[in-house]
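Heads up, there are several structures right after this.
Two complexes are shown next, each including chain A; its partner changes from chain B in the first to chain C in the second.
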Partner chain A sequence: MTNIAEHDKNARHLLMGNEAIARGALEAGVAVAAGYPGTPSSEIIENLASVSGKRDLYVEWSTNEKVAMEVAAAASFAELRTMCVLKQNGVNVASDFFLHLAGSGTRGGMVIIPCEDPGALSSINEGDSRHFSRMLEVPLIEPGDFQEAKDMTKWAFELSEELRCPVMLRSVTRLSHASGNVVFGDLPEVDHKARFQHDGFILDPDTGIMCSAPVDYRHGLQQEKIKKAEEIFETSPFNTYTGPEKPELLVITSSACNLYTREAVLLLGAEDKVGILKLGTTWPLPPKLLEKHLAMTDKIMIVEEVIPFLEENVKILAAELAGTIGPKTFYGKRDGSIPSTNELNPDLVVAPIATVLGMTYEGVPAAYTEKALPLAFFNAPSRDLTFCPGCPHRASFWNIHNVLSLDNRNGFVCGDIGCYSMAMLPTGFSTLRTMHAMGSGTGIASGFGQLGRFGMDQPVMAVSGDSTFFHSVMPALVNAVHHKADITLVVLDNGGTAMTGFQSHPGLEIDAQGGDAKKLDIRKICESMDILVRESDPFDFEKTQQQMFDLMEIKEGVKVLILKQACALSPEKKHTKKFEMKVVEDACRGENCGCNRLCTRIFRCPGLVWDAEKGTSKIDDAICTGCGVCADVCPVGAIDRKEVA
Partner chain B sequence: MDKQKLKYDPYNLIITGVGGQGNVMASRVLGNMLSKMGYTVTIGETFGASQRGGSVMSHLRISSSDAFSPQIAKGRAHMIIALEPTEAIRVLAQYGNADVKVLCNTRPIYSVGVISGEQKYPSQEDVEKWVNELSAQSWFINATDEAMAKMKNPIFGNIMLLGALAGTNELPLSREGFEETISESMPADKVGINMTAYDTGIGMLG
Partner chain C sequence: MQIAGSKELTEQVLSQDLCTVCGACVGLCPYFKVHIGKLAKIFDCDLEKGRCYAHCPKTDVDFEQLAQALFQQPYNGEPLGIYRRITAAKAGDKTGTGDFQNGGTVTALMTCALESGMVDGAVLMDSDGLLPTPKLVTRAEDVVKCASTKYMAAPAVSCLNEAATDGKTNLGFVGTACQLTGVAQMRLNPLEKADFVDPVNLTVGLFCTWALDTRQLMDFLSTRVDLKTITGMDVPPPPAEVFIVKTGETVVEIPLDEIRALVPKGCGVCPDMTAEWADVSVGAFEGKTDWNTLIIRTEKGEQLVEKAVAGGYLVLDDFPAEGLEHLTLGAGNKKKRARDNVAKEEK
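== the complex of A and B ==
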């Protein structure tokens, strides 16, 4: 909505955290940004891509996070400011390169931006990448509000150049996907010039080679950088204290938890009792700053989400400082004051503070809860996640489910990451039986495909989206082919990285900036490995199911079935209807039909609902997208599809 | 800029609905309108599953001075706008209190559990009765059906509810402010239909 490349200094806008981060990068004069889509991080790259023409920027959606970090690093080596954006588990994917990058050091400012998802609002994990900063020995900074999201991003590039190492700037869903007011700063003139100097003295940081070896020497340098970061952090304006000189309780916090803590203290009216030390620089911790604040009181609470990372690091310092600051009582995750899983919110922070202070706090009044809770529990129907109306995945899993049932050998499907992960749920007929990381479906299937020698006689299937195929399925597929694993891979090709908002990938002719890109053909890639490949439209039940049966008949080796049908939300399909759908009331036999309401009870498209009064199913015109598939689900042909002119 | 004093500071407003109803867009338009007037606005949104049938909530904190948490504390909402009727009940149970007000679209969106017959969907009369029991004041309008009849697209129900919100006089919203905001975020040929939706919403408040 907001033009993040606006020049007007001091303009005040309501920005999403991710927009604020993108603006901060522009104010730093970033030249290259690379990432792989993943909620809640995707809008940073999208926003930068949208202004790439105006700001002399190169922005790409890389094949995966490791490649993204490598692409970004090259720009740093060529003395440009550069960034890599990923979600929490993307850091794991990139971590091998990240370890070596931390060792080699950087030249142009390089910022790694993980946007994480405590509470797994749009993930199947709540991984916490903060440990990587300590493990790989790179500085970690965390914005505590929206203005800081912009300001700290800009600063991160300067810090990286001062230290000559990558800097991690971590955000979370409640900052990345929340919005707040941000005042803009200056946009610099940009005239990027890239040159990689590599022929100087081998160990020279400006002109030598970029490498983490000799390890003893470079690792030592890296630790000196961390020492220097510690000193810089001692006086950082992003570490702030609010509260009385001698608080009863000191809360140490960072990131979105800063906002919850401030609110909790206000809700309790305990501003005169609680001090809040908000840390923007969370690794390495600045010891003198911590010493000063730990000395204020004997009761210390650490408020953070997921893993007790801050808590452990504060405790290490407190142990070292015990001689001067004396013994402390700590409240946090280790003693159960703060939950160890899920995201926090103001209520989860109010409760332990109230307990320590001996105060009482009532959230929803008890009398109100007594009335409201049962009404909601019994009457607001739970909303299980479901494939969108018109989603090709519903049709694909209808085919897979039916084929595996008819095959009757207890076959199963190894799942992967994307919208189609929801096929673990009834919306995909509970078809997926394993679900782990990106690419793991094919990797696990490759392993199952070897177990025939131990008597396993179940058919093994894997699924993969088109973007996931390029991200990390390819190496697993190579492994399966090479070792002659007996598997069928179904590629659910919906023409984009659909789950995260339809970003481009190597199978498309367009790149992140909207420019021409070389399209890679999944079918040709598979055929080049001598894989037997078939292709079908998942909306064509008969052909798709026949092909699936045919492939499963072939006992040995890898078989691939590509199911092509665009995502219902894809730009070419959204707001268009191919068919006008109608249930012919006289033809639908309702409860008396032998199908036992197959359409609404099992197929369950949100656009097709049960009309209890009439005793027939009916189309909900506000929701139906006119894909036409349900006409083939009805065994008596009571659902009519008429092509829209 | 002169800012009218808010009824509460922060004013805590929740927009709730089901993925695909334009929840996030409504919260951003409203937030931008208020931000332009000089208020400090914080919006917390859950939209990872927004297109996929799940319940969606946007929390708006509107203040004359400060930024607040992107999540409202339990029991502290002042106004709940429900794009879907049963979502109003669900949100009231967590964020409601005796003084809360509710602006509710009456068009149900059935969950898959209801579609499959595993769960029942309550009658509109019951939903209205419960909302009234759990709030100090409430308004019900059939925004979705009106949007389909008048604008041939159910999505404009969200803008109608923003119009209706302006009509409640709970927040200092103006038609000009809406027009300015929508003109900045929409192509020129879409402004007219959004203005119609906004005006229709005010008119439907009765």
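== the complex of A and C ==
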């Protein structure tokens, strides 16, 4: 892995987009970085944290995105360069503060970096935060390749300082997680000095108070900043045009779609027909630059992912400029040329360009598809999304599923965000019945917990991970307690923010930089609210299920069950086995009435496999983590566990 | 007998609300379990044929096959089923005293069966608080602890299934019609399992007009009495029309109509008042609350009764013709009601 804090100027490195962004921030002399883990953004903070000592940085995993943005803003107010990193929906979490921050303005350069997930590869939403830039009136820039990821990050800090407002730099999965060549620039000497000046004239941007009021005055100021950004963007080197002087078709694009468009035009051999206007500054759009390029041709295509943000903004300008540039035909999401959901790829861009140009292009020959589809269908093993071998969540949801089934009152679980979100699927016995934002499981449960008065007699459960508990479950829990909602919250405490790569959270003694942190105890927090709290090890089925039954028995009020068992991939557990597991073949009932493969058909830990020839289950020693849980799943005790000495 | 799997059992019985929680499908596999008087399917099982379906008394029961297997004669469809003789009975001195519902005949017979070695263990209905809980009893002196009627539908057969899984044989079983129908079907080894061993040597049936849904009864009673204080329940003979709940100090009378609302729908399609698929069947004796009606159905039943009388466990008396008439009428009415309800269902 490249050390992003190396001093070798002009050296060329293969960098992940997120590493390039982190390097750009270092080249800008960033002092503070805060974020909340979320794919595809997490590596930026991780990379910065790993060099925090060397580069004199303060880096933290904040409790949630709003707090992260507030922490980062404080540094800006104290005249330091600072950044906040989050995934697309994290911007929603932070957006209330973001609105007010845009109004108050900033001092030290402040860059907000949302890394987004078109196609929801590791999300349950396809949020597009670009609208926040227009909605909150802050400039938006989008790198179009890996070098730009670094260079534009550095520039974003300068831009923020020039405009005195936060700047949004947006990345997407295919930029954040793919890699490309990046030539390093200079790393500055760092000597960060923080001081918050607050006792000057109250409206003075350098020494007054930091506040979005008086609104009329500050809002006007904010709009002047946007005007100024427009001017700066007119000559930005990150807006580039490639193609003929009079193209048949002008494609306007940005971000990773720039790469798809370039490849599509190459594949078509249409370099002499298609011009590509790659925009690095996507809001506000520079009108003169757009006027110049829109005048080149009558056919305009906008290539972007998710929401037609760029398309709409270009169309507004085209309407305003209609007198000089004349009428245009637009191709994009509004007319269906570009898909309006999911991420794009070169094939999806080739097709509409070919159609507009009247060319034929067959990305994948029909005959190939015809052959490949059935082959893939019949030959490729079907693999569900699944919890890892030894995952405590599988055991937790086994307990929850069994208890709710036995209870037999059509009870249900409100889900939340983490690896355990997968309990919507068979790997978690399809236990989760609602699933929305971070913390929403408990909030929704709090609402369901009031519906007894309207005849709802189903038991209501919610689940929360340990990190999610601190992120946003706490306010929902306070609400539920205060209003005496009849719910049981099961906290799935696996000792870290596991899904995104085991980042720290307030329940741990360690912080992002590896330093000593004050550990908060979930049990004590709950007990301080007079909640009845029980604790169990989810691997202990009997105790855990009894605890659940006992808590559900208690009517009225919030009950919390904390299920503690470390993630199978946690540093403390990885590569260790507690038990040596073995299937006693003679005892295994296999597919017979009386079992019908409970372990490999229902429990389905990947460490258990079905030996069709022998008609028994067996342990896959290569991946079995030796947690021992399946021994308690087998109805006839045919799975042996022997403690590893 | 058409045998299907748990999917069909769910469709035909559970989803139709016909389950009477006899426990015939429980204790055989990890999929069906009972929790506080209610059957739950924990996960789907996709086997096309399962013992759950084959043993269930609420699927299509082949009475002909059962009659041949148990009595070596054709099914007669009579109100009281196939039997050898009917007599009045009550516990003798050797049985001792206990909290008998009526004459203590069941306690007497099972105590004798255990002490004489006719069975090595017996599945009886004990209680955990108010909750009926089946129990495998192996010591004769423990039989009396399970005396008295529980009135709630309870999974007696699950306990027998579990004992059989543990390899236990030569067992006695006491239960109501649905439970005994489940046991009788289980003994036929309908899935023709090669390693099947009949775990049962003796069955004692209990007369049953209906049972009550455990959870509904508990909810119902909890609004009237402290459940923890309940010491017993009784339905006195007509024309009382009340359900009696005894607590430490008081007796609470509840109109029988209110209680009948808590009868599972599955009881309404049951054609069997006197537990026809047993070696002997025992019920109340109209007019004499400290005696029982005893129907002896099989040769084994006859041997047990003889042994019990000879050993002083049981005392017999003549059963009056008038009583037989009443009993037949009652049992016939249940058959008719079941037929009517099934016809209604099928419409």
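Simple rule for what comes next: the second predicted complex is superposed on the first by the 644 of 645 C-alpha atoms of A that agree within 3 Å, B and C clash if a C-alpha of one lies under 4 Å from a C-alpha of the other, contacts with A are read in each partner's own complex, and residues count from 1 in each chain.
Please note the rule applied: a contact is a pair of C-beta atoms (placed from the backbone, for glycine too) under 8 Å apart; a residue touches a chain by one contact, two chains touch by 3 or more.
Computed from a prediction, not measured in an experiment: that's the story for all the values here.
Q: Once the two structures are overlaid on chain A, check if chain B and chain C clash or fit side by side.
A: Fit - chain B and chain C, as placed by superposing on chain A, sit side by side.
Q: Of the partners chain B and chain C, which touch A:H177 in the superposed model: first, second, both, neither?
A: In the superposed model, A:H177 contacts chain B only, not chain C.
Q: For A:L310 in the superposed arrangement: first (chain B), second (chain C), both or neither?
A: Neither partner.
Q: Looking at A:M424, would you say it contacts chain B, chain C, both, or neither? Reply first, second, both or neither.
A: neither
Q: Going by the touch definition up top, name the partner, chain B or chain C, that contacts more of chain A.
A: Looking at chain A, the partner in contact with more of its residues is B.
Q: Give one of first, second, both or neither to describe whether A:N408 is in contact with chain B, with chain C, with both, or with none.
A: second
Q: Roughly how many degrees, to the nearest 10, is the angle at chain A when you join its Cα centre to the Cα centres of chain B and chain C?
A: 90
Q: If we overlay the two complexes on their shared chain A, which of chain B and chain C does A:N596 touch? Say first, second, both or neither.
A: The answer is second: A:N596 touches chain C but not chain B.
Q: Go through the superposed model and pick first if A:A480 touches only chain B, second if only chain C, both, or neither.
A: neither
Q: Between chain B and chain C, report the minimum C-alpha distance in the superposition, expressed in whole angstrom.
A: So the smallest C-alpha gap separating chain B from chain C comes to 10 Å.
Q: Residue overlap on chain A between the chain B contact set and the chain C contact set?
A: 601-602
Q: Which residues of chain B touch chain A in the complex?
A: 18, 20, 28, 31-32, 35, 40-49, 51-55, 67-76, 86-87, 89-90, 92-98, 107, 109-117, 119-122, 126-127, 130, 133-134, 144, 148, 153-154, 184-185
Q: Within their complex, state which residues of chain A touch chain C.
A: Going through chain A, the ones touching chain C are 401-402, 405-408, 429, 591, 593-596, 598, 601-602, 635.
Q: List the residues on chain A that touch chain B in their complex, please.
A: So the residues of chain A in touch with chain B come to 1, 12-14, 39-40, 117, 121-123, 145-146, 173-175, 177-181, 256, 259-260, 262-263, 267, 345-347, 350, 362-365, 368-369, 371-373, 375-377, 379-388, 419, 422, 426-427, 569, 575, 597, 600-602, 604-606, 608-610, 620-623.
Q: Hey, which residues of chain C end up touching chain A in the complex?
A: Of all residues in chain C, those touching chain A are 28-31, 33, 35, 38-43, 45-47, 49-51, 191, 193.
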